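Please find one structure pasted underneath; my questions will follow.
Labels A, B, C and D are assigned to the chains in the order they are written; within every chain, residues are numbered from 1.
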Amino acid sequence: MNTPNHYILTWQCPDNTGVLAKVSQSLFEHGAFITETSQYSDPYTETFFSRIAFDDRNLTVSAGEFIEALDDLAKPLTMSYKLRNKADIPKVIIAVSKDDHCLVSLLTKWKSGVLPINIVAVVSNHQTCQSLANWHGVPFHHLPITADTKAQQETQILTLMKETKADLLVLARYMQILSDDLCQQLAGRAINIHHSFLPSFKGARPYHQAHERGVKVIGATAHYVTANLDEGPIIAQEVKPINHTFTIEQMVHMGHDLEATALSHAVRIHAEQRVCLNGDKTVILT
Amino acid sequence: MNTPNHYILTWQCPDNTGVLAKVSQSLFEHGAFITETSQYSDPYTETFFSRIAFDDRNLTVSAGEFIEALDDLAKPLTMSYKLRNKADIPKVIIAVSKDDHCLVSLLTKWKSGVLPINIVAVVSNHQTCQSLANWHGVPFHHLPITADTKAQQETQILTLMKETKADLLVLARYMQILSDDLCQQLAGRAINIHHSFLPSFKGARPYHQAHERGVKVIGATAHYVTANLDEGPIIAQEVKPINHTFTIEQMVHMGHDLEATALSHAVRIHAEQRVCLNGDKTVILT
Amino acid sequence: MNTPNHYILTWQCPDNTGVLAKVSQSLFEHGAFITETSQYSDPYTETFFSRIAFDDRNLTVSAGEFIEALDDLAKPLTMSYKLRNKADIPKVIIAVSKDDHCLVSLLTKWKSGVLPINIVAVVSNHQTCQSLANWHGVPFHHLPITADTKAQQETQILTLMKETKADLLVLARYMQILSDDLCQQLAGRAINIHHSFLPSFKGARPYHQAHERGVKVIGATAHYVTANLDEGPIIAQEVKPINHTFTIEQMVHMGHDLEATALSHAVRIHAEQRVCLNGDKTVILT
Amino acid sequence: MNTPNHYILTWQCPDNTGVLAKVSQSLFEHGAFITETSQYSDPYTETFFSRIAFDDRNLTVSAGEFIEALDDLAKPLTMSYKLRNKADIPKVIIAVSKDDHCLVSLLTKWKSGVLPINIVAVVSNHQTCQSLANWHGVPFHHLPITADTKAQQETQILTLMKETKADLLVLARYMQILSDDLCQQLAGRAINIHHSFLPSFKGARPYHQAHERGVKVIGATAHYVTANLDEGPIIAQEVKPINHTFTIEQMVHMGHDLEATALSHAVRIHAEQRVCLNGDKTVILT
């Protein structure tokens, strides 16, 4: 084996004695060469979360046998895990409406190698971002939506995800509310950016709400999509001080950077398998 | 006149043409020596806000005549103003329950000369902070409260404010909700610290709410007290990133610093007459 | 006059009595309709800075006469001023090397109308960003540079600025050090982004320096270019907490957003004539 | 055993295969009930850092035998470790000059149970803080210092540390520079607060330096003391945006909160054995 394969193992289970010992011992016995480890034991839910990166330079068994051993280990520990060859980066579809600042950020970071994802399509209910997507060599799908065609349009998105084998749908200022059904089908696989520091200012026009309330700090929140609007598990939040001189327009403009930063950060750590769901919350294993 | 008197003039009025010209011209004509000016013209409410600090080293009229001229100017401009000799620092009463971190911060900053206020009393529904207040030489009033005695206790607070000629009531983690009546009587003269970045997590146990929601940023908000709980005009907000490893206790502890910082900042800028009410919001003239 | 012209007047002078009164009185007398005012009186340098936005809907004189009156006012006050029709937005040339994140940010914000500038050219010592500039419809000039051709290349930049009547050169991660001579010719007209919170980590590879030092916060600084490397007046700084797990690469990646945010903010407020030079420092009139 | 004893084990060693497995296996075999684990593998120094909190409710051996097993494990791994009963909280001496804001913060947090330390003495070259220390029931030692008596005064501090069995010296705005010799004797056992975001503005009057440079962000840095002034490993940094209107005095006042926050945070995580030295840097195991 000349060039080692790199793997990412993320797992969680009830926090019983010896959990970490058993897993790390198993990895050790099979010759996994660990390069990164991160754990968290949640005292509230008594759940153990762990992310271990390793390579197979010294692996004493085949990949298949390794997974079998992992399965044997997982069952008695009631452990759920995700093991991935680091080279198999997630396939991502980005949904967008008219504002392109989050899309630009994702495409630029992806192109420059910062985001370990593969952007396989951009979908939009408008055509505004078509040439931008195309310039980056990404297929663009114009999927207009009306009250009558909502179910049909969502089916098109799902079909596209299946066809492209997409692992993740990123709502990069996509101004449509997903149906409960779609939310459930994409549980843990759809990330949205909301332009406020949630739970403040859910719903429409959050900067207008923030201006109305007179807050001294604005923010943006990247979160997993759930059927409860803007209530999904929070992955990342960015905030910034403002003052009374900020017009709504200035808040919107300054907010663009907060949104792009929070969203691309959330997508990166999701793609690196650093985000674990812990009920309605997230554990970020850095 | 050997040592000049310093004055702070804060005023607001409908934003008509020439407002700034008329006021600054009037100050100039009477020989006011301006040391600080700050203005804001709110395009939403079409209101003009201004704070001008000046001294009387070159004043060509008496203080009384100066005020007369100001009154003459104010009427046609529908201008409301507050003129104060800078040396007449506001008298402040601090209300507190058991937690002393905000009280400590205010007393310490006051003693070291950072806060241009005169703390004339500490009132509390508990006795926990008595020795702290006394050590700083501040009279402590134990005003216990029950459902039955609430009206009476609030009367005691108001009486104390009158007796001490207090200009401001600071709720420094005072865990009682003021009655609507008291809120109205103290409109613009009572500042509260709430331990969340409002409007998120109003009401009781905001850190517990924040933990439950899984936010990645916590905060504290200093605001004027109004009859709508935690809905008053925001003066200052402090925020800080957290992560999933923070227990509720750690959030509480880290929050102490945010609360003390936001509250003492709000009290300072209020005392320096830098805070103007603009409907349900504030304009901070720095 | 159907649609009013909007003007921005930014001025500074020694802080003598009546300065604000005289200027606002003059504007008032000539019928200037003021929409924004911001002042600052620096107690250290005893200089008065002011920015006034107004329109000519009620102007009682011609624009030419208005400027004459301003000149008459300026001389006795030793006042320097810049008056601009708001519609005459500054022409900007962006210099870039290989990294495109700051260029992308400026082009995207410009295209979406957030930045009140006119980007007339992109210059680069590499060809990496050519297609990006062209896609945005901006002329791209490849100006390679060697030790031998540095003077000649800088002349090409200056010539281009003259030909395009550019008001501002923005160094958007342009990895060449400008000669002292060019710095002086562009004093107050060239903005650079440095990828550290200056004055920490001047010069080459600041993220490597930051990693070496083990700081817990990284940053980016937008500043005017001067002959003293990374010592020019600071316009804007962005910072962000990090921890020991950040590799240099992660710091570089996270830094991209800080740099783009700080630079585009600096360019915006410069273009809005909100930045005044105060010796080696800046006054930002918001 | 009715109430379990809680232990904190912090260790580091060269990052060889199986390190985590061996240690966690050993803990598991001896019945340690793990409640917190945090690891970091530094790819630059190839060092493994770990902090494990556990209790002895299921421990199958005596504490003495457990330590023997740990010693046996440590040697072949070239591992250094610190094992502490959590109840044996560190004894701390605080050194202070005239400014009391950091001392107040430490004493208040300590009294309210936030800081797991035992403050055994306050030493000062002035008498300003005597009554404050005494009010908190902490012995105060006035140790004046002159150029001639510096060596002798430092000996007094060291003697006091020995007599009180102090583990940590906290310089809470102590305005004396420790001798190289004392720095070396207290390596890793002395924490200083510097009132700038290091490495900017080392040495005297950092807020004056910051004002002179015109930075848009100020900060405070808590770090271990080393013989190179203000060059020691950084534990925590706090920063805050400012603008041109801030006078030096306002920067000083606002800085007080940054300093107190950074220092008390650093003392807390040091006391919880979360801070590891990694050359000239720190690893914080949260």
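Criterion: a residue touches a chain if its C-beta (ideal position, glycine included) is under 8 Å from a C-beta of that chain, and two chains touch if they have at least 3 such contacts.
Because the structure is a prediction, the values reported are computed rather than measured.
Novice: Report back the single chain whose CA centre is most distant from the CA centre of subunit C.
Specialist: It is D whose centre lies farthest from that of subunit C.
Novice: If you fit subunit A onto subunit B using the CA atoms, what's the rotation angle, as a multiple of 5 degrees?
Specialist: Between subunit A and subunit B the superposing rotation measures out at 180 degrees.
Novice: Just give me the whole-number Å value for how far the CA centre of subunit C lies from that of subunit D.
Specialist: Their C-alpha centroids are separated by 42 Å.
Novice: Hey, how far is the Cα centre of subunit B from the one of subunit C, in Å?
Specialist: 36
Novice: Indicate the residues of subunit A shared as contacts by at least two other chains.
Specialist: 43, 241, 243, 245, in rising order.
Novice: Which part of subunit A faces subunit B closely enough to touch in the complex?
Specialist: 40, 42-43, 197-201, 213-217, 219, 233-237, 239, 241, 243-245, 247, 278, 280-284
Novice: Where on subunit D is subunit B touching in the complex?
Specialist: 99-101, 104, 108-109, 112, 114, 135, 243, 245, 253-254, 256-257, 260-261, 264-265, 286
Novice: So in the complex, the part of subunit B that touches subunit C is made up of which residues?
Specialist: Subunit B residues touching subunit C: 17-18, 20-22, 24-25, 27-28, 31, 33-39, 41, 43, 58, 241.
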